[in-house]
Amino acid sequence: MDAPEIYLSADEIASRIPDGALIGVPKEDGGAAMEVTRALIRRKAKGLRLFTVPVSSIQADMLIGAGCVDEIETSGVSMGEFGFACRFRAAVQEGTIKIKDATCPALYAELQASEKGVPFMPLRGILGSDIHANRDDWMTIDNPLADSGDPIVLLPAVKPDVALFHARYGDRYGNVWVGARRECVLLAHASASTLVTVEEIWDGNLMDDDRMLAGTIPPIYVDTVAHAPQGAWPLSLNGAYERDGVHLREYAGAAKTDDGFAAYLDQHVFGKQAAA
Amino acid sequence: MEFSREELLICAVARMLDGCRNIAVGTASPIPGSAALLMQALTNGHARASILGSNVHNPFNDAGPELFDRAGQGRVDAFFLGGGQIDGEGNINLVGTGPYPNSDTRFPGSFGSGYLYFSVPRVILFREEHSRRVFVDKVDFISAPGWSPPDVHRPGGPYALITSLCVFIYDRDNHRFRLSGLLPGATLEEVRDNTGFDFDCPDGIGDIPPPEADRLELIRTRIAGEIAETYPEFARDRLGWQG
Amino acid sequence: MDAPEIYLSADEIASRIPDGALIGVPKEDGGAAMEVTRALIRRKAKGLRLFTVPVSSIQADMLIGAGCVDEIETSGVSMGEFGFACRFRAAVQEGTIKIKDATCPALYAELQASEKGVPFMPLRGILGSDIHANRDDWMTIDNPLADSGDPIVLLPAVKPDVALFHARYGDRYGNVWVGARRECVLLAHASASTLVTVEEIWDGNLMDDDRMLAGTIPPIYVDTVAHAPQGAWPLSLNGAYERDGVHLREYAGAAKTDDGFAAYLDQHVFGKQAAA
Amino acid sequence: MEFSREELLICAVARMLDGCRNIAVGTASPIPGSAALLMQALTNGHARASILGSNVHNPFNDAGPELFDRAGQGRVDAFFLGGGQIDGEGNINLVGTGPYPNSDTRFPGSFGSGYLYFSVPRVILFREEHSRRVFVDKVDFISAPGWSPPDVHRPGGPYALITSLCVFIYDRDNHRFRLSGLLPGATLEEVRDNTGFDFDCPDGIGDIPPPEADRLELIRTRIAGEIAETYPEFARDRLGWQG
């Protein structure tokens, strides 16, 4: 098989993501590729367009704070119990990034349209919201199958240039196991390319184990795989480790100010590389 | 019998969940979560609580769009939402104050509200800060509208609003909140002073009912232990959990 | 938890399926509930409307031959390498059942609309076919997101009364594990009720095992579970057993004639009960 | 070098798959399956074969709609279809002869053809029985049309038609088949006599090229072993597999 390129470094993965790319990323407990996120900041990526599936936390906030992002489509960026995502907040308030506000199932639907190769997906709800009022790319029609009336929103297919996530296992054939994280499967199906870091190498072929099969993304959807232990840190990886709450609280505090954020990057992003 | 504010609110929420089969609770919601678990215990599991973030009390493999699909199928009977701003028609704003998109104060975002507010029959708004900053005459941004014209397919919508001062019930026919009861120590005047929207107020508004003794006992024993799995500090500090 | 009713018999499952019900069934290698199929014939079910996901073989053919079926929506009924499905063929030719011809992804899309709670799903293709020409319930619109033209078919949501399938494992909480058989997950999500037979009882809670989670259908979607070892026989069950090709060939031969089919039922459906 | 009809057809199909990245093969298709595996071997895996029914040569967990989604994404470059009837415009009929719905002879059904014929760029029609019963002037039921008006989104369609007598190439501009070559022993007259539709026929039609020696060797060794996993009798009887 012409397998995906495997066992690159996180920095090599980051180098495959061009400036300006539309990048789909899962929510914070869905396998966020944080090691690649740091590598993107190190390589001074520019003009990225983030598409969160459907929300994000430190990943989006760091990329925005570091100036890597021009635009974000999301239904929420927050540090959760650790407070606001302050770099995101500042950038939106100051207008240094473009925001496309959505609601969670709309983001899924946009990807599902791409996954299915249809130009749009219908979705209930949304009508009468200012989310809807501010989205020129969303359209309302009267349900053609109803006798009359019954307005419904159509969402256009969104095909990210890159799906980027961190998964529990990868094997040498290029299979990637995400378990029950269907949003990662959806992202891989919907995107033009899929770049993955994996926590552990699976010895053997993930496709050979019936129990793993349901949670495995086959090589046709996978372009590159990097082996990055602790690759989701400080976020969690299902079945492997919990999030590092102490660190996230430290980040949320640091990110309140420009100086604090810069110092955080120096220590945890650039410093880390210098020490490597 | 003595009870805490949290115990009172858990019981107030639980009464609103009466008859619900599937109760979903989002993040950072220990009181709604406790109320959902209470109803699950009281109905011997006929009511199912799914607590986001719990490994035990979340009988779903919920990644991806499944929660939203489930709501669209009519399999979510109750859900909880908050709001940076909430207005008198039940519109909620989770996006920001002032102009859009460059808000004066940007909130995290609308999350699932723009969908779940339409699809879940009983959405309970839970917002403890009772101030004119939060409860405004008109929200600056509608993440999800409180009501929709009759031609819009909408099985769901707001059911009640619970604050640190009082409980409102939402009148779907008139798109207005109606004061239903006060929390102990709060006065009608205090509610009026701190509410930026007009609301209906029947005569003789009193305090909301105190916790039922048997439910209070259950909260302090079984429910405290169950909610502790997701919210240990809350269970320890507010419900006296000893685990 | 108010768990699903568990550990019924296949005949009890069949008794929960009312005459006239719209029943969704998976394809022959997806976990066909053949033991319940025989029980339905024993209980002389009438007026069933079959919805195959997306095709069927002996299951549909037997139910049709036994007079249980009024209508079928399908994209194919065939015995594969063992030849035509002769009871299906005869019933369609003679007009004793109503047929709604479809194409595979259209059947999936109709279920997905129900799964998502939307009134329709768009699908590419189909246009200009006689499948389309014969489906009054399918509608063509011009893609509203395109500048002009671009016709596309909208398929209505289909919500089966009953999803019926055989799964590898079930546990005492009502969880059912289907592994990678996403069509069974889809059927359960899309249907008003889900009746399942399982090959084996899983000791413990399927939700507790990260590796099983991705292939598990939780109890909210499951109404009854029967323990039916060899419940897919003579068809296969992934990971458990292959199909019984000798038996399927025997069936395909017998089903060529009314008498042959009647003798087959006597021996393998009614006889089996008498011997029990 | 001697070769069998099956070996010749495998090589004929393989040439049509040149440049394809993802080749999907449905059920009951040992010759197309062997051709796909041959291309996979020759390209060192740049071309991927997915053989329905194979556990080894099917790098997908393909339950549910995934194959169709994948085709919609443009990730299936070649696929094979048959037809109870096929007409000169490339329309295929998998449903039945005579009136609809109560056909004179009912076939199994359209399967995925009504979708894949539109979405897969190179659909190769493979129908060994070359008769006027199969190759008709106009099919009685269109499971999938051979061509569509220009406003219909259609990246896919028929590419070639392979029979026991000859190979046709489909001309998408004119919606007609063009005879490309004869199988050994077949004559143009025989093709005309047994084809119910009109087709283009360039001067000097000859036999299709014989199997390339290196490919024949590969078929008899590696490919025979690989296809045997799914089609053991075919591999043994037709390709001399000794497993």
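Should a chain be cited, it is by its letter among A, B, C and D, assigned in written order, with residues numbered from 1 in that chain.
FYI, contacts are C-beta pairs under 8 Å (C-beta built on N, C-alpha and C of every residue); 3 or more make two chains touch, one makes a residue touch a chain.
Because the structure is a prediction, the values reported are computed rather than measured.
**Q** Any idea whether B-C or A-B has more C-beta pairs in contact?
**A** A-B
**Q** Of the other chains, whose C-alpha centre is the longest way from the centre of subunit C?
**A** B
**Q** Measuring from the mean C-alpha position of subunit B to the mean C-alpha position of subunit C, what distance in angstrom results?
**A** 40
**Q** I'd like the Å distance between the centres of subunit C and subunit D, where a centre is the mean of that chain's Cα atoms.
**A** About 29 Å separates the centre of subunit C from that of subunit D.
**Q** What whole-number Å value describes the gap between the mean CA coordinates of subunit B and subunit D?
**A** Their C-alpha centroids are separated by 59 Å.
**Q** Give me the residue numbers in subunit C that touch at least two other chains, ranges are fine.
**A** If we look for residues of subunit C contacting two or more partner chains, we find 109, 116-118, 123-124, 150, 152, 180, 182, 213-214.
**Q** Out of subunit B, which residues touch more than one other chain, so two or more?
**A** 61, 65, 69, 72, 119
**Q** Please list each pair of chains that are touching.
**A** By the stated definition, chains touch in these pairs: A-B, A-C, A-D, B-C, C-D.
**Q** Enumerate the contact residues on subunit A facing subunit D in the complex.
**A** Of all residues in subunit A, those touching subunit D are 1-3, 114-118, 173, 189-190, 207, 213-214, 216, 218-220.
**Q** Under the touch definition given earlier, write down the residues of subunit D that touch subunit C in their complex.
**A** Touching subunit C from subunit D are residues 27-28, 61, 63-66, 68-69, 72, 94-96, 100-119, 141-145, 148-149, 151-153.
**Q** Okay, in this complex, where on subunit D does subunit A touch?
**A** 22, 40, 43-46, 48, 59-61, 65, 68-75, 119
**Q** Quick one: which bits of subunit C touch subunit A in the complex? Just the residue numbers, please.
**A** These residues of subunit C touch subunit A: 109, 116-124, 139, 141, 143-146, 150, 152, 154, 156, 178-180, 182, 210-215, 238-239.
**Q** In their shared complex, at which residues does subunit C touch subunit D?
**A** Those residues of subunit C that touch subunit D are 30, 54-55, 74-78, 80-81, 84-85, 88-89, 92-95, 98-99, 101-106, 108-109, 112, 123-134, 149-152, 180-183, 185-186.
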